[in-house]
Amino acid sequence: MNGSRKSGLVALALVLVFFASWEAAVRFFGVPVYILPSPSRTFVTLATNPEMYLQASALTLGESLAGLLIGVLTGGLLAILLTLLPGLEGGVMTLAILMKSTPLVAIAPLLTIWLGFGVVPKIVITALMTFFPVLVNVLSGLQHVDPALTDLFHSWNASRWEVFRHLRLPTALPFLFAALKISAPLALIGAVVAEWTGASGGLGRTMWLAYTNLNLPYLFAAIFILAAGGMSLFRLLGWLERKVVFWLPDSRES
Amino acid sequence: MRKNFWLLVSFVLVLAACTPTAATPAATEPVSTPLAEPTAVEQSPTTVVTEPSPTPAELLPMTFMAGYKPQANLPFVGVYVAKAKGFFEEEGLDVTVEHSAGQGQHLQLLSAGTIQVTNQDAAVLLQRRADPGLPLVAIALLGQKGQQAYAALKSSGIESPKDWEGHTVGYKGTPPPDLFALISAAGADKDKIKLVNVGFDPRLLTEGKVDVYPVFKSNEPYMIQSWGYDLNLWAAEDFGVPSLGLTYVTSEEILKTQPELLTRFLRGALRGIQYAAEHPDEAIEITLTYTGPETDPAHMRFMLDAELKDAQSDLTAENGWGWQTQEQWQALADMLKTEGLPVEDDISGAFTTQILEAARGK
Amino acid sequence: MNIQVESLTHIFANSKPQRTALAEINFEVKSGQFVALIGPSGCGKSTLLRLAGDLLQPTRGRIALDGREPAEMRAAHEIAWMAQSPALLPWLDARQNVALAQRFMPTNRHPRLTVDQVLERVGLSDAAGAFPFTLSGGMQQRLALARLLALEASLWLMDEPFAALDEISRERLTTELLDLWQPLHPTVLWVTHNIYEALRLADRILVFSPSPGRIAADLTIDLPRPRSEADPRFQQTLAALRAALGSTVTAQVAQ
């Protein structure tokens, strides 16, 4: 079998071993369910509440993706703006760092006051968390073009826009994916944490309710979903990266 | 290359389009059974309505925010039941129920006018009025006694707060005033007690990380007992220390400009509480539609019963649910002052019976 | 395109200490001449190339291409640039890379050669759909050459294009380059460190001495192409070139 198939099976085996040891430990040491639930108990909880978890997951995923999309667009467009108007870089970056450093707990109520109780504040919070890596990385990519290539384009008398479109943008793509690999998991976490500050649905809310009821199987079921979701997102991004940024050696499969 | 770029773009758009915009943009509408939909309001046979019954289009909208997650706290239950049984509708109100994460944002939103009524612990209300000066006013005092207590495992042999000496006692957030008052009222030496900041985690008690754990009488004891442990509980009022519980709270602004709204709300909510006292099982069923399957119905029933008990006093027997007096509030304020906490000199603005009287006089 | 260089001086003011890359250079190149620029590192050869290509503006003096400013010639797409790194766009395949060069041509220019024709000329027809990362160094430079050809420019500015290649590829590409150049006969300014390469390719060799850059020697190579090392006149010219270079090294050391 080929390399990736094999490594996939190895990964699966490791996961199974992990769950088996966890199950064995809980049973052997008689760990109470409110300290650490067994994987079997957790999976049963998942299986007996499919609609609830499906609904919650869909909502959180939707918030994450919408926030991610906005964050990526904002970060990307800002990066483009700063490339075209480099004089703004200092000011914009300072603002961006300020925004990034502000703790969620402080902003969330403000956002609720301005934007209401629904999904919109969650999406905004997620966007706030994800835009910074995209801004920094894409800006880097747009600026760090091979000077040999800029010489070449200059000799072709290409206009600024042509240089941007044919040279800078494709150069920035691998940087964008590097940023996405950071931002996508952040988006998921961002949506969950935003839900903790008050939400009517979603995995974050489920986790919060479960914990305050010390109903750990429900909590862990949500954690399983988040972990699986984060992993899937990451792999999806990797696949997409290989397709889009096909020319780079590390994104090519052996 | 261009093809790949558009692949990327369309992929992202498709994923983002999966955001369920069907996900309710507003309230925590209960998940399962559809409740009373806005229909034409019939005349309630037991009340004499002087104004014409409002049609659905005339329902006044307002938002009640529960100060914590959905559960069977008495102020929440009053609202849940009033909404489910149509009491609010009969009052011409369309009440949206939201829940706060319990970090204080409900007070911010109230002060900003985004919500009209929420609930708050009486002692915290007094302190927030003094510092940072939030314009809060309690329109009903549901908890005639507070729910804060301290618990130790029976197996630990700690029988009274005097036995706390030489042990570890936990507190949530900052050391609450009733803790010190209780310790000195019981004649214990607080310097011999090790105080530890804990979060919400009653397992700390069962796993022996603290000897005494701070609980809400209506909440953690149920959990700990369901795990098979027996408890000794001590509450401030057992030692003569004043303690008040949860209130329905509004802002000075709303009290001034919308007393009619508040009156209708309170009337409906108190009816809800009355109904819950008479039909606790149904009240719990209604509450469960706000919580999820992770909540234990027996736990909720325990919570409701405990809080109903502490909502009743001689004052309420005479004047109805939620009654409050200057004496009650002053006693609490004096205790806070003794413990060195910020309290206004004149606390008469912190509560009002105006709405209670208006709700009653009908 | 003929080239006239008058009192050309270029000083890099921002480097510490200030570096005079070129000092009062004067020379003329007739249209269609293949001129090699050779000399030790830092003697201004690449700077001269960049000035000719309008990638830099001279501190003093001027360089005229057919009597006009390099900027004008650049705008008219009469200048083709090729550097040591192939500078291919990795996200475009061979055909698309060549096509890109023609894309920016002004609308009044109509290239006579199609992309496929150009690829055939350099022997890359089979690799037309290949991406640069799948091509060897030699093939990448050949593709860069194809791109250069596609521009149909009358001045080729080439900065050590074969320096990074192995000996065999370099040999082969040098021959191929001559085959491509001879029918078209554009003016070529070719920077190199390799004296054999200079002798095989150029009609004329300008030897530069460094710090500040000046022309130390101007050798005309009259030998017919293809040139063979066995030819005694080749060896003579080689000796003369070596001598000229040697004196520049001593001059550099003396400073």
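Order of writing sets the labels: A, B and C. Residues in every chain begin at 1.
The definition used in the following text is that a residue touches a chain if its C-beta (ideal position, glycine included) is under 8 Å from a C-beta of that chain, and two chains touch if they have at least 3 such contacts.
Just so you know, these numbers come straight off a predicted model, no measurement behind them.
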Sort the other chains by how far their Cα centres are from that of chain A and give me the top one.
C
Write out the two chains that share the greatest number of C-beta pairs in contact.
A-B
Mean of the CA atoms for each chain, then the mean for all of them together: which chain is nearest?
A
Provide the C-alpha centroid distance between chain A and chain B, rounded to the nearest whole angstrom.
35
Could you work out how far the Cα centre of chain A sits from that of chain C, in whole Å?
49
Cα centroid separation between chain B and chain C, in whole Å?
82
Sites on chain B at which at least two other chains make contact:
1
Spell out, as numbers or ranges, the residues of chain C touching 2 or more other chains.
91
For chain A, residues that touch 2 or more chains besides their own:
170, 173, 246
Contacting residues of chain A [partner chain C, same complex]:
146, 148-149, 151-152, 154-158, 162, 166-167, 170, 173, 246-249
Hey, which residues of chain B end up touching chain A in the complex?
1, 4-5, 7-8, 11-13, 15-16, 18-20, 23-29, 31, 69-70, 98-101, 103, 105, 108-109, 112, 114, 200-203, 207, 223, 227, 291-296, 299
Going by the contact rule set out above, which residues of chain A touch chain B in the complex?
32, 34-35, 49, 52, 58-59, 61-63, 65-66, 68-69, 72, 105, 108-109, 112-113, 116-120, 170, 173, 196-198, 200-201, 206, 208-210, 212-215, 218, 240, 243-244, 246
Partner chain A, residues of chain C touching it in the complex
53-55, 74-75, 77, 79-81, 83-85, 87, 89-91, 100-101, 104, 131-133, 151, 157
